[in-house]
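Two complexes follow with subunit A in common, the first pairing it with subunit B and the second with subunit C.
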Partner chain A sequence: MNGYRNRFAMLALQNAPLLLFAVLVIVFGLMSDRFLTPVNFLNIINQSSHIAIIAIGMTFVLLIAGIDLSVGANMYLSAAILGVFFVGMPPLVAFPLVAVLGLAFGAFNGFMITQLRVAAFITTLSTLFIGRGIALYFSGNKMVPFSKDVLTFGRTAYLGIPSAIWVFALVLIIALIVLKMTTFGRQVYAVGADPDAAAKAGINVRRVTFAVYCICGVCAAVGGLVSGSQVAVASSTFGFQKEFPVIAAAVLGGTSLFGGRGGVLGTVFGAVLIQTVENGLVMTNANPYIYPLVISVIIFIAVFTDSSRTTVLERLERRKIRVEPD
Partner chain B sequence: MSAAASVSAAPAAGAPLLEIEGLCKSFFGVEVLHKVGFTVHAGRVLGLVGENGSGKSTTMNIIGGVHQMDSGRIMFGGADYRPKGPRDASKQGIAFIHQELNLFRNLSIAENLFITEFPKLVPGLPFIDRGAARKRASELLAAVDLDIPPTTLVNRLSQGERQLVEIAKALGAKAKIIIFDEPTTSLTTRETDRLFDIINKLRQQGIAIIYISHILDDIMRLCDDIVVLRDGNLVGKALKADMTIERMISLMVGRNIDQLFPPRDSAIAAGPPVLEVRNITQRGTVKDISFSLRAGEVLGVSGLMGAGRSELARILFGIDDFGSGEIIVNGKALTKPTPTVCMDNGMAFLTEDRRAEGLMMEAPIDHNIALSSLQAYAGGFAHKIDSTRLNADVSKMSASVQIGARDIANTLVKNLSGGNQQKVVIGKWLLREPTVFILDEPTRGIDVGAKNEVYKIINRLAAGGAGILMISSEIEELVGMSDRIMVMAHGEIRATFERGAFDREELLRAAMWDGIRSNAK
Partner chain C sequence: MTSTDVTAVSKPRAQAGWKRLLLSEYLVLVLTVFYFAVMWTIVPEIATADTLLDILRAMMPLLVVAIGQTFVLIVAGIDLSAPSIIAMASVVGASVLTGDGGYANGTGFEIIAGILAFIAVGAVIGTFNGLCTTRFNMPSFIVTLTTMMFFSGAAIWYTTVHTDASSIGNLPRGFIGIGQGTFFGGLPFSLFVVLVVGGAAHFILSRTVYGRWLYAVGLNPRAAAVSGVPVRRVIFWAFVISGVCAAIASILYTGRLETGTPVLGQRILLDVIGAAVIGGVSLFGGKGKILWTIFGVLFLTVIDKSLQLMGLPIASVFAIKGSIILAAAVIDAVRHRVLVRG
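Up next is the complex of A and B:
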């Protein structure tokens, strides 16, 4: 009896974001006739691309029960360097270079965490400030305009689909393959489920940990690039506090903050859900000052769902001493 | 011993595979293994029995590479064997199936089997060949008679099925020796039978099995050779034909109680009941637990690991919930106990794991002792703590429990010995003047001198009119300290003994009831 109730609770918890999404679409659809249109939905996906890309990287980190608070700073630093130093470069050279910069940023996080054994929270909190600090220094505290090439990239659509969505799709496919089809991907889940057991099973836990922060770094830089190509300039608030929607997207999509559970498809859904809310608020002419409030309520729901889910799971999996007939 | 070459291929049944000689091991100066030696044969099952703390786990952890031996020699297949770690041991062909299984519940069976070495689509590239993994996994599962798709998540498997997956993993790693540590404690009878069938099959394939269990009936049913350990010494080594359950039990006990235990005046134990427990039942944990604890009484709780003793304690102190039953403390029924409610009603609980649950390691002694009593010293408008009175009482308490540190305000608890840490926890609770004190393994991991002091504190507390529920895995300790001992097994109370009628063999028999029901009766 108890088991059924738990299982029902589990089902509701697992599908909470989906329910939320359905409710939001209906509410916004009723409030604005521009909301429920194909153009608007393509627009939502386009606008959510950069968050989704970064959240895909974040998913890797969350899957091993880690955290990366520095993604927004990484975004800003990558964009600032692109705008200040890579001005004359052809995009085919500049864009990969930006990704490498992001990789280096993530590798620094990974090095601090795995080699110097600094807690991930503290490491990435400090690199958040370091990253923004360096970016502000390079940009001379001014707006950084992007080159024409970057803007062209941002405005181009291939087969009617904006370039941002293409990048987003590419990152998603690569992430799916890595997570589902490689030994490394499976080991990410193993480390997140139980790092001690993983070490005992012969998995190099440190290497896996280092790698996920590198992946997160690359994704943050690519996200910065995509976002930069859309907004044309990197102001000093570029990427500011982006870690919140990014983590919320992953958690809303079912990735647990406690590691081992979730995946990138859910994350993508979470990112789209958040953008849907912002878009809906715009469409319904809501007071801009309540945006953060609404977003934070959604983040709260995401985190609350995650911890409830963990509690229910723990109850389901508590060790039994007596074997009782069912 | 000259079988070095032949062993690696297909060991002849009965050939010595693992020879252990003069194995010694000490932890922090305390010897836990003293010159233990025995031989494991290919195609035979060796049963290893002994009380809690007799050195079984240490021996197996050395073989499994978790610990290193201090001295002695292990020959594996005729060659010197000294594993650098668990990974090394498993590479050399030793598989250790722990009581707490080492599987990733969020992954599928196949993924668990190949988590370190998946079959690849193209050699050299990182892509997993899922088809090949499934096929290999199916073969391994067939070898353990488990007819479940390898893509099933481990989460969905029963405990018995998970165990079979572990065995399949061992087979996949080409294990020559498989060690089982209490494999049947959480299995149903049918699952146990199935496990034994598989073990018999493995034996026929020439794999050596080391089987650790408290269930002596299973040992007799399954094993070819039996080794008995007591206090880190080998006290019996025989073929099954030369061993009986009765003899195993008498080999396992048989220690003398020395002067470790201060004398107790049992005449005091006649006060009114301070804790009455009626028919406490929680599905999957404990069943129908009823007893009453009187003022001034020390009630010992005996039982094997996993008998449900700590779980009962957690329920009594309101940490875990229970399905039905009644808990009455000092005449008052606690309908929805929480730790706070229990404490307000005069209960105290010394947990099994003082490091994790009982102490603030980074804080000084006095802060720790004061922690649970702060409210009693706070008063007035802002609930300001009366630190003069508190400090005086804390100092008095620290002296009374004889913590061996002079400066209680500046000595951090993490720098204390295990024994002194335990006294800090006890002092913390005593400051609240509890009338019901639940002690879960109060002397685990502390030295003999400190043990004696803890015993004196317990006696003093009982003499002062508190009722004490003492859970312990050391039968000697219970016999030496208790007025009454109740024995638990499988979450139930199996027997209760009054002081004067304590018989260690009887106690052990009650705890191992399952193991002797068919043979000894």
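Up next is the complex of A and C:
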């Protein structure tokens, strides 16, 4: 509107996370010659895959302005059941079964939220405790080692790409198709933008809500499976407080906590960005105590630019009727 | 309380009694008493003076955090950073207090300086949270999520700078007394602190203009702004209050443990928010009372203590606690529906 400078500023704001990512890659690349290598790049994707998978599920929930705090517990429960009960089972049976269990976990959340009308925050807070409790019961509060099949799966690479990344890619593609090309995907956005309007337009809001929690449950279980196959044993803190980096990844990727805005591609980008920072810090031999500091600052910067973009946009679009009250 | 009506002979009146109990703001207290009574038959030790004192002692710091959280919840915000404020304040305060080369050691007023350091940490982090949410329009969930991550990391880093051990010890006796001391033959001193904080908070919410503004902003920020409420300032101060409350809780925790610990309070976040919400404070703003928060905290603490007394493994404690929170939430949801139907 006000000439080129404004437009340039808008462009920068619009792509702030990308710019941030580019700056980080350059800085880490200059500081360590091991950072900018194809092997390390693959490594970053591999390490971020479990967070990315869960965050993809979380994106669906956030898109309808919901929240799921129980993903970490779901992860642990799936991993514990896999390690304790599904020992002799062939992976082709065991892995889908784990996903189904995750679905059941998510369906329970969805049932409480849609049928009993309990707030999502409280529902998933309590299932966080319940899920972790059941998992601890199964594991006997001990380390759960995984069967050989699971470990083989975690170590195998197909076409030079680790299996975790294949799972990640599969989940991403399915999520993209569901969100972009199906009626259900449009309904998710509609419900998130305005549930009342969506209901008036004939969308079954409850069914959509129930479905997104199921999706999130499946993703959490698959994420637990992938993570478990990489770390070989599930300790009693497996997945503990994982809900926070997962939500952070989604928000970093531009998904709004208030629903209706965002997407899975952004989320994946957010998850990879977080892992890139962590990897870069390791590569540059930074003091491990400052990892969380740097990561939180970067998340903060990304969200800060995102919200200032919204503020700028609002200011540009607003008709001046009255002075903004302070 | 209305529970006497339940025994009434005529059916409609009995129903009305149930309904009144369900809608009563003392519902959570009634549930707590009921739960306590049931537990009494299973573990009689729960009704001994020692256990009751234990429950009281465990409640106090949690309550201070929850009171601060109530302010933020009323304006439809959320403060996830409370545990990290507790941790950060604990190590910073301890680094001022400690006899092993603390900043204020030997000056004669180290206890006052230490307490000021605690409060300052809470106020600074609360100010940051408040500024980001009000000036930069960032969602409070994310702002406080990042401050939570940052300061729980920073607290550990700060400790490594000051000592080789995992915590900062050798705190002066007088300070420890705040967390451990008793008065009137056995009542914890922390009770006194909580009474002051709770009384002040109750006064602010129910008797001051600022209190009315908090509710107005939480119910409808637009309408509040149009009617002249300084919305941003109201929200800003809610975060500062929450930060200071967390810092006060940190003083109590640190005094009790006799060391400044960077992992202090790590697990209480969801308990605090859960307690407030169980008490009836709405996550969507505009609804909440200090009394409700107290009931919520009492409810959770009694559950924790009873499960501990029963000697259950951690697995069952988690599962039962989660189920009880869920049950309370379901009752609350039913209550809402009854309320809507009239």
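Here is the rule we use: the second predicted complex is superposed on the first by the 285 of 326 C-alpha atoms of A that agree within 3 Å, B and C clash if a C-alpha of one lies under 4 Å from a C-alpha of the other, contacts with A are read in each partner's own complex, and residues count from 1 in each chain.
Everything that follows uses one rule, which is that a residue touches a chain if its C-beta (ideal position, glycine included) is under 8 Å from a C-beta of that chain, and two chains touch if they have at least 3 such contacts.
As the structure is a prediction and not an experimental result, all values here were calculated from the model.
Ranking subunit B and subunit C by residues of subunit A touched puts C first. Of the two partner chains placed by superposition, A:I26 touches none, neither subunit B nor subunit C. Once the two complexes are overlaid on the shared chain, A:G133 sits against subunit C while remaining clear of subunit B. By the touch criterion defined above, A:M181 lies against subunit B but remains apart from subunit C after alignment on the C-alpha atoms of chain A. By the touch criterion defined above, A:V93 reaches neither subunit B nor subunit C. By the touch criterion defined above, A:N141 reaches subunit C but does not reach subunit B.
Listing the residues of subunit A that touch subunit B in their complex gives 2, 177, 181-184, 186-187, 189-190, 192-194, 197-198, 200-203, 260-261, 317-324. Contact residues on subunit B toward subunit A in their complex (touch as defined above): 86-87, 90, 102-107, 111, 115-118, 126-128, 130, 159, 186-188, 283-287, 306-308, 311, 490-492. Chain contact summary for the complex, subunit C toward subunit A: residues 132, 136-139, 141-143, 145-150, 152-154, 156-157, 160, 225-226, 228, 230-233, 270, 273-274, 277-278, 283, 313-323, 325-326, 329-330, 332-333, 336-337. Residues of subunit A that touch subunit C in their complex: 69, 112, 116-119, 121-123, 125-137, 141, 244, 247-248, 251, 257-258, 287, 289-293, 295-297, 299-300, 303-304, 307-308, 310-311, 325-326.
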